[in-house]
């Protein structure tokens, strides 16, 4: 199926008014009644995946709300963005939840934060705190940011259950390390249902738009979406702005980005292996994996200036170069890691209890994985070959040759194996890229970001595909939407935990490598309160 | 500043109140071989009822506030708070956001209104905190190190 | 004071002080296997002292938990005492009494968390109950067989396979009863947040932790006494050997628990039943055949 | 794939790994911390160089650097260590190189006020309307950098504008609205 075929098939759907191709995506504008047929065509007939949807308050521009549904045809390396308008007085759009189950959360998020109703499904509150007043939508441009709701000291959401058939996991629970709340409904020792009540880490960064965040400053918040895979977020953000503004990043900067991204992946996967060993009562495994990981952390500090929160990215390039002595050090550390981690990993999976508990537990079948558009190692452990580094190559990945490990069992052991294999691939990628790194500048200083350009960018984080969507504004983003990988993977937990022993629940929850601070970010920067007329066209260039 | 009650055995309950995870993984890192906080008698416990110290990371979101207060109330006295990282002390980038209260100093005001008394607060800056900073704070509590920061007021001569 | 009662007092003092220190040794040893320094050996003592300086909070304001904790502690002390006396004085009656005390202690240990109404501690306690039902009965049957062999009188002239099997089965049962991986499901499994201990705090927690350490010491001391009885018989040598055996077992159990992971609550009972029935059957056969 | 990892190993080999590594713990605070020279720590503001222009304040993502005006004719550059994210963007943007990065990380304290650093600048008053508009140092900095602005540099933006308009009126007969 060629690009023109795709465009032809999309144009043939009634209600599609505009199809525009650009560098970062295929942009479609459609009427509300064309949304469902379009979703069906792209998601099921063309075999596309669902990335996310983003609501936007464009009343100051065209007197409408708008929803952007972002799809991806992975095998063609193509993003498809579908824009539909909703009325400014009574914003309402048809839900595509029954066609694309993966759209559940982002629709509810748009409902919470923008007040856009979705017809044909049951709505519920997802993101905002429990006591938040109805009808107040913080992402609307007319929302007055200075009013913090009164802080409540008692919670209605957390009620300690009085029957022992419910086991609350969280919000402060040693198996989670992050404040999230799962309610597991159990029968004996068997889980029969799961309820996720998250969004404790909703930090509402919209407020920052008001404090006049500039394009460059947003980089540092993007990094703080997540403390484990922050560099992926800041890279993705930098890329989406660069793509919107047409900035040509120096090759050397792209190499440095790829190298640091892979180093972050190694540290993140080692961290995860350690946590899993700890959850299985194998504390020595935890200690020794983290001992190996410590080398990576020191290496990251050497390259970027900080063990975490590298602060390396700027729009237009990176801030620190990799010189010869650092290059030598990278090779040294990688040699230590590759030797030690294989020894340790094979030990961990040989421990009888560990092996017994990983195998066959928390299974996610391929069909469910496809239905929910899960990403990253979770998808690859369920037989889906999805990897942004291969599908939509960014930074310097086109210069490296590497495998995408795929396992078919969909159980916790597969997810472990995927990650163990990926550590090896990452080590090889870093080595290849270091050898090919071209000389030259590491950033461009002078650039301008035009207003009203729409762009999409994706980066493969350790947990899966990370998507940033932007509408540029004056001096800072007009609308910035982030879809972290865990956001896409948590709904799959329902399938993985059901009918499983309670004892496996923490392990299975951990097996998607959840990063709740990513999920809850709701990172939408709005340069609110500025009256302007803005021509909202697709990123034509 | 050495503390008589918890100076030799510090049991810590970790409260992530909207942190990005950066500090949290460094808290775990402190327990691992290269840093090994256990050599100072530090132990992470799973229940606030066992804890001497509540370790705060994150700017304290409004959603987590009630649970945080609940956990603090469950701790037997004397109880201490350690604010870890720039979110918990000053609210970091989100210090003015609508969905956070902006750090431990603000939490202390709320606790005062609630009648929850706290026996001591320590602040440990960093973003994210590095493991040595945490160990330095432990050393401070145990009296093995001296405080180094002090409010500075300088004048720029015109 | 007679020589015998002096020995018993010294033995009791040692047996009450050692567990806290041995726990420190356990933590130090684990740390060494994990490539780190670890806490000082007397850290557990420091922890306990600190707990006693903290505020007393009773879960659900009920005195009966405090009462149960004191019973737990005092029965544990009595059991330690009667075990020490049994090997020192060669009293089979006291050994039998200790076995009965041990099962009462275990019953309190399992029952206590149910009074807190916390879902985590109740799940933890239910799991402890399942494991305890199997392991305790095996442990008691084995102790009963040990009493038949009557190890406290004088060392046997010839070592029979019954003795080896007896020691082996006692080792397994006492290892499981000492609450270590892979069978520390009730306390350590992460989904139940430190399980049955979750609601206790301050001095109350201190009492329970110390009593629990004593309980762990008792199950090792039983093995030590049977071993000492078979090698040296009763008296001062028996006392010394059984205390040394307890300490050595503590170290050995630590190493074993470090290199294995945690079993799952639905698998552990099956493995345990299989293991115990095999060994006990073999034990009875060899005993009856007299080999 | 994953062939090396499928190798069967005895759980006992953990002891060999532990034995070969020994104890790796860094005995900080009694030993040097595990830190590289590249580490970004607290910043140091040089009071002899800072001109109080506020470039760092505009660049600082978390508002750890703030420029506060007081009624007593001073402008204070306040650095709150407790909110700093140690990104060193201020160092990048400072026009006079007054900010220096250090490797300082031992910042723990029991009093939050210890974490503030204040640098008080005197404010220049407009030569026409006598209202404060910038720090004395900044005015001098601008004057030495571009001497041609001399006639305007001692005024606040409003008076400057008025003077400029007047000057143009005198020369060209005024600006049409």
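As written, the chain order gives the labels A, B, C and D, with residue 1 at the start of each chain.
We adopt the following convention: a residue touches a chain if its C-beta (ideal position, glycine included) is under 8 Å from a C-beta of that chain, and two chains touch if they have at least 3 such contacts.
In this text, all values refer to a predicted model and were calculated from it rather than measured experimentally.
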Quiz item: With chain centres set to the mean of the C-alpha atoms, which chain is at the far end from chain B?
Solution: C
Quiz item: Once you count every C-beta pair in contact for both, which comes out on top, B-C or B-D?
Solution: B-D
Exercise. Would you mind pulling out the distance in Å between where the CA atoms of chain B average out and where those of chain C do?
Key: 37
Self-check item: Centre distance in Å when chain B and chain D are each reduced to the mean of their C-alpha atoms
Solution: 25
Self-check item: Interchain centroid distance [CA atoms averaged], chain C/chain D, Å
Solution: 60
Quiz item: Using the average of all C-alpha atoms in each chain as its centre, how far is it in Å between chain A and chain D?
Solution: 32
Self-check item: Shared interface positions of chain D, touching two or more other chains
Solution: 11, 14, 18, 21, 23-25, 34-35, 39, 61, 63, 85-86
Practice problem: Would you mind listing the residues of chain C that make contact with two or more other chains? | Solution: 33-37, 190, 193-194, 258-260
Self-check item: chain A: positions in contact with at least two other chains
Solution: 173-174, 211, 220-221, 224, 284, 287-288, 291, 294, 306, 309, 351-352
Practice problem: Counting only chain pairs that touch, give me the topology of the graph as line, ring, star, complete or other. | Solution: complete
Practice problem: Would you mind writing out the residues of chain A in touch with chain B in their complex? | Solution: 129-130, 138, 145, 147-149, 151-155, 157-158, 171-174, 177-179, 199-208, 211, 220-221, 224-228, 230, 271, 286-288, 290-291, 293-294, 297, 306-309, 515, 517
Quiz item: In the complex formed with chain A, which residues of chain B make contact?
Solution: 13-26, 28-29, 32-34, 44, 46, 48, 58-59, 61-67, 69-71, 92-94, 96-101, 110, 114, 127-128, 130
Quiz prompt | Of chain A, residues touching chain D in the complex | solution = 211, 213-214, 216-217, 220-221, 224, 284, 288, 291, 294, 298, 301-306, 309, 311, 319-320, 342-347, 349-352, 403, 405, 417, 420-421
Quiz prompt | chain C-facing residues of chain A, complex | solution = 160-161, 164, 166-169, 173-175, 189, 277-285, 287-288, 291, 351-354, 356-357, 501-506
Practice problem: In the complex, go through chain B and note every residue touching chain D. | Solution: 1, 33-36, 39, 86, 89-93, 95, 103, 105, 120-127, 130-133, 135-137, 139-140, 144-145, 147-158
